[in-house]
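Please find one structure pasted underneath; my questions will follow.
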Amino acid sequence: MAKYPIFVLSLLALVCALAFAYEPSPLQDFCVADPTSPALVNGRACLDSKLAQADHFFLSGLNKAGNTSNALGSVVTPVTVGQIPGLNTFGIALARLDYAPWGLIPPHSHPRATEILTVLKGSLYVGFVTSNPENRLISKVLKKGDVFVFPVGLVHFQQNVGNGKAISLSALSSQNPGVITVASAVFGSKPPIGDDILAKAFQVDQSAINRFRAQF
Amino acid sequence: MAKYPIFVLSLLALVCALAFAYEPSPLQDFCVADPTSPALVNGRACLDSKLAQADHFFLSGLNKAGNTSNALGSVVTPVTVGQIPGLNTFGIALARLDYAPWGLIPPHSHPRATEILTVLKGSLYVGFVTSNPENRLISKVLKKGDVFVFPVGLVHFQQNVGNGKAISLSALSSQNPGVITVASAVFGSKPPIGDDILAKAFQVDQSAINRFRAQF
Amino acid sequence: MAKYPIFVLSLLALVCALAFAYEPSPLQDFCVADPTSPALVNGRACLDSKLAQADHFFLSGLNKAGNTSNALGSVVTPVTVGQIPGLNTFGIALARLDYAPWGLIPPHSHPRATEILTVLKGSLYVGFVTSNPENRLISKVLKKGDVFVFPVGLVHFQQNVGNGKAISLSALSSQNPGVITVASAVFGSKPPIGDDILAKAFQVDQSAINRFRAQF
Amino acid sequence: MAKYPIFVLSLLALVCALAFAYEPSPLQDFCVADPTSPALVNGRACLDSKLAQADHFFLSGLNKAGNTSNALGSVVTPVTVGQIPGLNTFGIALARLDYAPWGLIPPHSHPRATEILTVLKGSLYVGFVTSNPENRLISKVLKKGDVFVFPVGLVHFQQNVGNGKAISLSALSSQNPGVITVASAVFGSKPPIGDDILAKAFQVDQSAINRFRAQF
Amino acid sequence: MAKYPIFVLSLLALVCALAFAYEPSPLQDFCVADPTSPALVNGRACLDSKLAQADHFFLSGLNKAGNTSNALGSVVTPVTVGQIPGLNTFGIALARLDYAPWGLIPPHSHPRATEILTVLKGSLYVGFVTSNPENRLISKVLKKGDVFVFPVGLVHFQQNVGNGKAISLSALSSQNPGVITVASAVFGSKPPIGDDILAKAFQVDQSAINRFRAQF
Amino acid sequence: MAKYPIFVLSLLALVCALAFAYEPSPLQDFCVADPTSPALVNGRACLDSKLAQADHFFLSGLNKAGNTSNALGSVVTPVTVGQIPGLNTFGIALARLDYAPWGLIPPHSHPRATEILTVLKGSLYVGFVTSNPENRLISKVLKKGDVFVFPVGLVHFQQNVGNGKAISLSALSSQNPGVITVASAVFGSKPPIGDDILAKAFQVDQSAINRFRAQF
């Protein structure tokens, strides 16, 4: 049985809307996303501005902890254009992250956003890896009130290294940052990437690949 | 005696670095701002990437309350490229806002950023005003865990409407959002805008203008 | 009775279309705005390019003076994507400004455009105020044939300081620059910003605020 | 003897600064171009903002007619970042155009800007040609107070078709629009494009090419 | 009879889709162009992402030579968003160019793209001309395996200078680069630019203009 | 002994220059990268344009096969701003890819570019994986003359599935696309990401992680 479902489901809303850092700039005061528009466009089509209300720019509940009862001990609560339609065209989003003790947000990248993370509670070990050929790991242990930056497109991770629960709040430079979790993209794609390809890519035998696939 | 100094000083770092929403995108993994570069450029010149360290992407202390003992009962703690050099080229920044009871972040705009605010503590009345000719006020009372969006360039404000202290954390879509407080830009510029101009602009007599100038 | 109606009405067309400086670049020779499109998008949807005609790129009448018989003694004639559909996707617009003697374009900002102004007739005192904390006023008296730049998002104003009428022509770096007049956004929003908030923001008592509201 | 010198010289300042439409957006209130910077960058390096003065945002003399005593009977007075250093990073420029009777701004394109032209005096026949394969000419006779748009990168021209002098003022969506006059780029390049290439390109014999080269 | 038809027809697809370099960035993983969308927008409207298939990102046949039996001895096979709908929002395209011996791609510009050309077979003489006032020709003879860059918006050309056929593959920085062939835009527009205008522009008599028009 | 050195070394030049898709647009005809500039900036500082020569826009040797005698049986020959200084500010680059029989370009992403690949020789199996939560694999077998698109930031791979050698030519929408090979970023970073983190991320035991690390 799949071990990632809770984590993956919690990312659903984050990805249903999508986006890239450094987005097209707004051409009006606001362009509230209209889910009933007959047209699909880059980003979202707009609601008639006369119909815009305060609630289009609003979301509640970010003070509520997500459920971290999953294999990774972590959960993401996204706040993107999928949750707040008023974010459309504005190039920014948020995400609340909850971590059980030793909970992990595993190595992943955001194809369309830089992330700036603030620790609200607990202590996190975080890091990102630069691109080829250096692949330098730049990492740090953060405590409450600390802030750290993950550059756009680079692989990064966060782990709760304190005794209790941890919480962080991230801001991302896209209305729809996108998430690519390395483990699920490489070993859990649908359909799968061939065993021979992965065995060659990681220079291991196919049985080792099969162990990595087992959770999906 | 000037009544704004603490508020104004707290904005100093936020503005010392500067920027516009929807910024030029990065042309390398990162371009850590180098304060010793011989060249001044749009944004900041870069440090040699080999010299970049984790601390260039890091800031501590955002858990500490600012001092709200000032006429407005509020204070801004900025987290822009001026505080975190690793934010350069990434189009994102943060600010912590502390409010004494009934404390106010007065009407202001960010010329280069949309803002997304999260209430960490307390209860806030917030609003923004659309551009001419509607000048529609879109406002809402927020409580802990609520999120609200202020579109780029529009005038907005936040007031603590709970009994105790309030705290919010804002993300902004620029490495250097800039702040234009209406009161200080119009009535407190150095040198001042002429009394006759302001009297005509606001359709009041010059004595009324003088009362507005008194605090500066 | 409201004292701003003529000024406000003259801004209607300028704002009906809206926009931000540094706009998404065109992906075809032109994308003439189509008011009958079923879709609302960032900017405007396009007319079938085969139907584009010279008149879509054309406007007449910018040689005609606007009516300055209003409290401010000034009027704006906008030339944005709302008037010339062929401007869509092109990041540029114009405005003609007429000033009665001592007529004033009161402090305002354009959330989506830098402005470059040319004096066609008369003499103007113009200025802009930098963002916090400096709030430096940079100003100059201009005469016929002089040109001046107002940076995007900053508060600026223009006053006729000659004996006769004055005319200027402005170009703006957006198809829909937007206008935020400080007086009407702060004291004339619909619904109004609370008296207590404005009294605290400007550090005056509420009766002073009421005098500023009186014209709306 | 060369027949274009006056026209070409008048374009010198327009081109000395350079640029493309839809430019990188500003990351600070302003970035006044600093001609003494040790670094050459995309656009211009910045002056220390504390040294910026009103004159950096200012130019005088646009009311003065240029000298149209040349073979084309026209002259361009550019107002780009080369003339106003405060335009740097702002994506906008101007040009005054003077036309003797029947004076012509010959077919040309701006590689980095859309142009919006206002007729200040006289009557102009203007047009632009769409890209391949249609190559449709979209043209119109303009009179005083008329406005017309020339899309970025497309070939366009303006001719004085009235009895007297004509004047127009153009705004362009770049701090440095660039000008490519077809005649001089194709027949007057230094060194020249080979006769055989041009003969084949235009499907004429080389003697015809030589007649076109004669003026350079 | 027209001498350009084959060349012009081969450019048809290249231009049917259109675009500008430095395009709005994607706000989702992909936005496959949907030719059946009810809305026309800047670029293309999107297909529902669930319907996207591998074939939307695919084109075959770029190994096949085009037919160079035309007056210029050259043909362009475009690979833009018009041929591959999956290129929408991605700011890149290709073109295969075939040249008969001495075949020529005549002077032209791309209003929305820089081009980087690779010689796959044969030997080419290529060049581009800088903008006014220098109009400097920067040129080089290329052989198999050589690469050359043509900056966005500048006039450039390629000629086969080897004994046999030549082939090159170009990449362009737009999903719809656009092509403006100088000869056809200036002498072959529909309707034509007036003889008097062209005679004055090129400083030749109208009979010379007529010879240039003859092929259209 | 490390098994990746040749592959990694061949990526060195590709990464030494860096960049992001949808880059700041050029503000002049060209800005040739100047390696001797005293300033480091986003992208590259410019050479004095008067010193630009044809060779700055030129590279030879792309017809030469790279050495595929390495564990992956593949090699990348990059053509970025690091190899052609004239590419600076132009948002485009190339790469030649050589594959031994069954040679593999392992799963990787480009943080700053979409890629469009053309098969010059042989037959390739290629695919990309969409972002969370779908992680859909979109793949296809390509033969000579086929073209395929890999969206910016998404994980993709190419494998030679023919009997002989294969060659492809890729264009990328950045002057410095960057490469993040999943295997080396996750299992081969310097210093390494902790075993416990990777074991939890992939839901395997630490001995399995050690087998994946062995090649580095």
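When the chains are written out, they are named A, B, C, D, E and F in that same order, and each has its own residue count from 1.
Here, a contact is a pair of C-beta atoms (placed from the backbone, for glycine too) under 8 Å apart; a residue touches a chain by one contact, two chains touch by 3 or more.
Here the structure is a predicted model, which is why all the values come from computation and not from measurement.
J.: Could you compare the number of C-beta pairs in contact for D-E with that for C-E and name the larger?
T.: Counting C-beta pairs in contact, D-E comes out ahead.
J.: Which chain's centre, taken as the mean of its Cα atoms, is farthest from the centre of subunit B?
T.: E
J.: Examine where the copies subunit E and subunit F touch and state whether the two sides share over half of their residue numbers (same) or under half (different).
T.: Result for this pair: same.
J.: In whole angstrom, how far does the Cα centroid of subunit B sit from the Cα centroid of subunit F?
T.: Roughly 40 Å separates the two chain centres.
J.: If you average the CA atoms of subunit A and of subunit D, how far apart do the two points sit, in angstrom?
T.: Roughly 47 Å, centre to centre.
J.: Mind pulling the subunit E residues that touch 2 or more other chains?
T.: Each of 18, 20-26, 29, 38-39, 41, 43, 45, 111-112, 131, 152, 154, 178 in subunit E touches at least two other chains.
J.: Every touching chain pair, please?
T.: The set of touching chain pairs is A-B, A-C, A-E, A-F, B-C, B-D, B-F, C-D, C-E, D-E, D-F, E-F.
J.: Which subunit B residues qualify as touching subunit A in the complex?
T.: Against subunit A, subunit B makes touches at 21-26, 29-30, 52-55, 57-64, 79, 84, 86-87, 90-94, 114, 116, 118, 120, 130-131, 138-140, 142-152, 154, 169, 171-173.
J.: Residue numbers of subunit E touching subunit C in their complex, please.
T.: Touching subunit C from subunit E are residues 17-24, 38-45, 111-112, 174-176, 178.
J.: Quick check: in the complex, which residue numbers of subunit D touch subunit B?
T.: Those in contact with subunit B are residues 24-29, 31, 34, 37-39, 41, 43, 45-49, 88-89.
J.: Which residues of subunit E touch subunit D in their complex?
T.: So the residues of subunit E in touch with subunit D come to 3, 8-9, 11-12, 14-15, 18, 20-22, 71-72, 102, 104, 106-112, 127, 129, 131-137, 152-155, 157, 159, 178-193, 197-198, 200-204, 208, 211-212, 214-215.
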